[in-house]
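You will see chain A twice below: alongside chain B first, and alongside chain C after that.
Showing the complex of A and B:
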């Protein structure tokens, strides 16, 4: 691995995780883990299906990570370093063209069958080359894999088409749940509706609209883990109900994030019985325009709507009431490959002179022949931060004479609406788990390469720039390529960043072993979590 | 010749009849006060653009959570939006949804009730058992189910499905009351005469029976506006009614109001007062109307 790049990633981790930790001790400093007990935690959205390969919402991970394993994991104590999960050891060739993993000899699925290299191969084949009818939002991420070899049941070898400096981190992606090959052979879409994993907990039940539960898997391959007897994830979409449940002890944690106002309210009431941890967040909200619908196929309309948003003002105002914090480009602000703030100020849509920006926006709308544009804004019905973001952008667009109907839906129809292209303009999200540009920019690739690009735009120039930055091992050159990609993305405005999030997690003081990170996708298998009774 | 008998020039003046409005005001002073309150709300709702000092959707982060002051008489919310303006525009939302839900629910309920009474027999029995089933659901639960099933369908800024969802629980209640009134009307000679004259069922129901249940209809219509306003506020509070940023009283109580109610109690105080005042006014007006129209209460 490129040492220069490693330094960049360490710096990213520092800026991401090291901000404002309150009352939190590292997991290793919390004492010897105790066995037993059931963790009740809130999940603020319900997963639309069980298949992480085709999902990009945390709701799937918080629901299903305890039931599954991945090849590698991020080591949250030393983020963004990776550590073993199913793969107990691994070798990376010097030219980054071969990755060899040795699987845990005692790893079994919950039905008792061993986890083999064939399962890993079937899983990764499904992600990089999904069969007809299977949706893989990881397709672009793993397109550099050429072949997957299985020399023996516990060894798997990935041969690459081209070197990808971030490949090892991609193998630690929390979305890459290892599925059983024989199940995939029978029905490639089976993981959408059935759970068979090798994670620390066996699937208990999923009562729609209510909860998911799991019980300890005694055959888990990591010695002594998990510590909990089981868990129960309760779906709570109403923040007031969630805060009351947290305060009343019906749930002991919510791992996604709460707003500063919610934190203040709970901390004031519960004092040292609650733990609040903070970090910046590898997650941003975006405005996505459906380029297959008129008038959003017109770049002037998209740019006008992009220009009308006062991100600087919004960041200041919303930071107090919502989980939103920073105005930034395509890469998380403050991370090594992000645009510097002084440069960002010069980018249309990110400056401070909103009068000029809005005058230009009105001119563009007039020129496009839609001075009194009306459309429906498709949004998720999660209070944080989707509702405040919706309120904010509706107000911003009204200031250039655009009339917007704000329509919010449950997670499942919200995602289905965006995936099927049944929307005009939507508030989308870019849910990352690390500050690797290839990951962050993948959502902006052409729709035929990245189904998670809900704008449905096809742009060969952006695809070319993406490939170039992914191959580039000189950080300075890569930085420039990323800027070129970013400029193209913001000029074309198929989808544009709105604001980046700020993560605040509340857990009861007796919840131990869980580790804070800049991503709510990480560390959710609960294998190391225990209750200090 | 007898002298002419002079007759005093007596003018018999008919006793001056008071207008029904004045009569109502004198007989039902509380009703009159509530009527004025309703008129004020109606005026505020209809002329919100003139009455409200600010645009209710206008975000001003510089004025976030501002306390009541001459600038913002009811303070501002977490987006710096003027609460007074949002309460005024909220009256429009509440009255529109309340009026149309009640109108739709009461009209459908009255029609079903009258038809059920008119036809009697098995039809009446089946309809009444069906109404029993619907009545067994709590009103909020029924509305929640209908909202969840129908989703949203905005026409001219009004969620038609929400109106429908609120109207559905009203239907059986009105049908039951109107049926009781219609049962006695059915036995009237003029209904027999209409039947004998060969009039169609529809004509008998709509021309001869429905007008005679107008009094209970009117009373229930007024009372159910209050219930509809309360239901709309409840559904909006639960996130199933009106969506942000539309100004609606129930919605103003939800969202981040619960996070800031200590710091900015005006965020929940004024919308809460508006809901209470509206519901109280419509209930009082409905009661007064009943007392005034029902001859039994005049004895």
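Showing the complex of A and C:
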């Protein structure tokens, strides 16, 4: 059953990846790797701390993945399959209740001490039961784990409370860096400010506000890797400065993603000296209504604002300038469990007849007693794609007589405002590292179960449907359960998808071995990257 | 002179104390919670227990007067504490950036002085000639063009004509002078152009005024060479307002180059200040404000000392 599911996901994922215009040869077809050189790349945000367990921002991963290892990794050439990282082999019990991992015998931390099962246990215990003062955003992910056993230093056994079909993929999550048990025992919060990993690169320096660097770890457990002598990630928060640096050769890559306009400018100037790779993206923007505030506790108001948005028209216009492209439901369009486009067209809010949709929206607002609604849209002050998305929805709502003040904040205050519920309506994002419905839909669970649900809504029916789809091992039945969940989510409109992102990554043509994927969180340990002189 | 220096130094204490009180209490009035922003600011789901723990760890659970007292004791003993955001010493956070910012400010000042004084003098001496008009066009353009925009033009020009850009990470001048200068000369030029325009216009108008004074006419009547009249008699007096402007502009450059730093991807005090404000990092904001206040006070002190050096009437206290 499980292998059927994987085959299904794999086939569909490649269909989705087909959207990508992979100008480049795949990593495996780029010739024999050459050793040496330093890769300079841009990171468009600086991590606030070093602890991936308590982070949800790519800035932490692009900063620190080269220093760390995880149990498993996604095999990006065969996405969404997983492959070995620290765990060289693994067994999954038929009932999905036991996972046994064998660790690489030669895996060492950068201080020379071996990576053991005790380190894996301490790491996962920290994520699922964070001590006081430790932030773990992975707690809910691993709540299905019952016990972690360490029969010998190189074997770790996870026993589950309940089967979770996506558990193996969760073990490949890029956030689950393995920390050293003895360090955690001394100070559970040490990883927030200090780096001790077993990844392909040793930590060099972090000059605040400037860059992070790493040098090759000669004791890395994967034979022959890494190929680079080192790397330097330069923090470049201004897109214009980043594009100039790419063009001028100060950096050779930026791995998160750029806008179509930026791609066009660089490709026009640099020609075949630059490589542009594209893919649909496991990221979407959402409109979220604070259901604890009036009038957004009224489903008619939420539905009206949802119906007024012309996603089809917006997708065409925004795709020219912003990193947004696809209108879609709760699951990434084109991915295995996504709603088919012909079905999506029939869903209110996703059709083409905007006159009818807006007439209905006006009617709902009148019925709710707020025909001249006014509110503040809480948004992030990032140029891509938050600003154009915000301007777009403000204009859409203006067309039904709603007056909106567009207020943009720095990332941290923006997220803090979202977490504390200090907003009326906001543009939120769903940042996934894989196309697993349980991951994608978790944000829509009731607020008391999923604090990342910024609408703060409680909906027992959605929780029930979520649990049913998460345990369902028959893909067809699961597909139907997901559709039911999606229908309920869009009917209630606590939070609704706006548009899905489109990823464009620019690398200099001599940067080899890096693999494009639908998530900017994956594949950033740089172990397989090399420079073609 | 020594007494004057001691007096001025002692006057710094109440000034800085006033700044400290203002910035400390104003920050506490402004909405925003560092702990919320820090712990939930990267999207994490954090329990109230963790928030309370962090608030206690940072000392934010203490009454305001206790927090203020602790901070003032720290300032008095030159212990500025740790950044509430990064947990690193504030001195370290500022020190990384201060070296770069100070160097850009010094280079821009040198450029401004080297360009502005000759231009302003020539413009004044050839008042209403084509030379004067040319200098005025150049200086008015300098005032009108924002430094960051000029910086963008410089970068695009370097890319277009030389397919080259300055280094994007800072190398101290004592480590690699070539890399250091090749990175910082461009922002210094972009900032120095506006700076020199301000100073040149001040020099011009001062010299034009001074050249009408009786003592200039007297010097000329005594047969002093024109060159000597300008350099010995006119320039010394005309420099007084120009020096004031130079001092103020220099102080402004510490912390006032936010956008220019973004354009050149410079890791300077301006960017740090903006980041600290957006994160409600109280200890860092307070320290940067105090730093800028100290720079303003010191630059004013230097300006006053230069006044005294240039003008004997000031030096001898009117005796």
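To be clear about the criterion, the second predicted complex is superposed on the first by the 510 of 533 C-alpha atoms of A that agree within 3 Å, B and C clash if a C-alpha of one lies under 4 Å from a C-alpha of the other, contacts with A are read in each partner's own complex, and residues count from 1 in each chain.
Just so we're on the same page, contacts are C-beta pairs under 8 Å (C-beta built on N, C-alpha and C of every residue); 3 or more make two chains touch, one makes a residue touch a chain.
Small disclaimer: the values here were computed from a predicted structure and weren't measured.
For the composite obtained by overlaying on chain A, chain B and chain C cannot both be accommodated without a clash. Of the two partner chains, chain C is the only one touched by A:208; chain B is not.
Legend: residue contacts after superposition of the two complexes on their common chain; A:248 is shown touching chain C, with no touch to chain B. In the superposition on chain A, A:265 makes contact with chain B only, while chain C stays out of contact range.
Contacts of A:321 after superposition: chain B is touched, whereas chain C is not reached. Once chain A of one complex is fitted onto chain A of the other, the partner contacts of A:129 are absent, as it touches neither chain B nor chain C.
After overlaying the two complexes on the shared chain, residue contacts for A:394 are found with chain B alone; chain C is out of touch. Of the two partners chain B and chain C, more residues of chain A are touched by C.
After overlaying the two complexes on the shared chain, residue contacts for A:452 are found with chain C alone; chain B is out of touch. After overlaying the two complexes on the shared chain, residue contacts for A:147 are found with neither chain B nor chain C. Once chain A of one complex is fitted onto chain A of the other, the partner contacts of A:406 are limited to chain B, with no touch recorded for chain C.
Once the two structures sit on top of each other via chain A, chain C runs into chain B at 132-140, and not at any other stretch of 132-140, 168-176, 186-194 or 240-248. Shared interface residues of chain A, touching chain B in one complex and chain C in the other, are 237-238, 240.
Those residues of chain C lying in contact with chain A across their complex are 32-33, 36-46, 49-50, 53-54, 57, 85-88, 93, 96-97, 152, 155-156, 158-159, 163-165, 167-170, 262-265, 267, 271-272, 275, 278-280.
Chain A makes touch with chain B in their complex at residues 237-240, 243, 259, 261-262, 264-265, 313-314, 316-318, 320-321, 381, 383, 387-388, 390-392, 394-395, 398, 405-408.
Within the complex formed with chain C, the residues of chain A that make contact are 48-49, 54-57, 60, 132-137, 139-140, 192-193, 207-211, 232, 234, 236-238, 240-241, 244-245, 247-251, 409-413, 415-416, 419-420, 431, 451-452.
Within the complex, the chain B residues that touch chain A are 57-59, 61, 64, 78-80, 152, 154, 157, 238-239, 243-246, 254-256, 258-260, 262.
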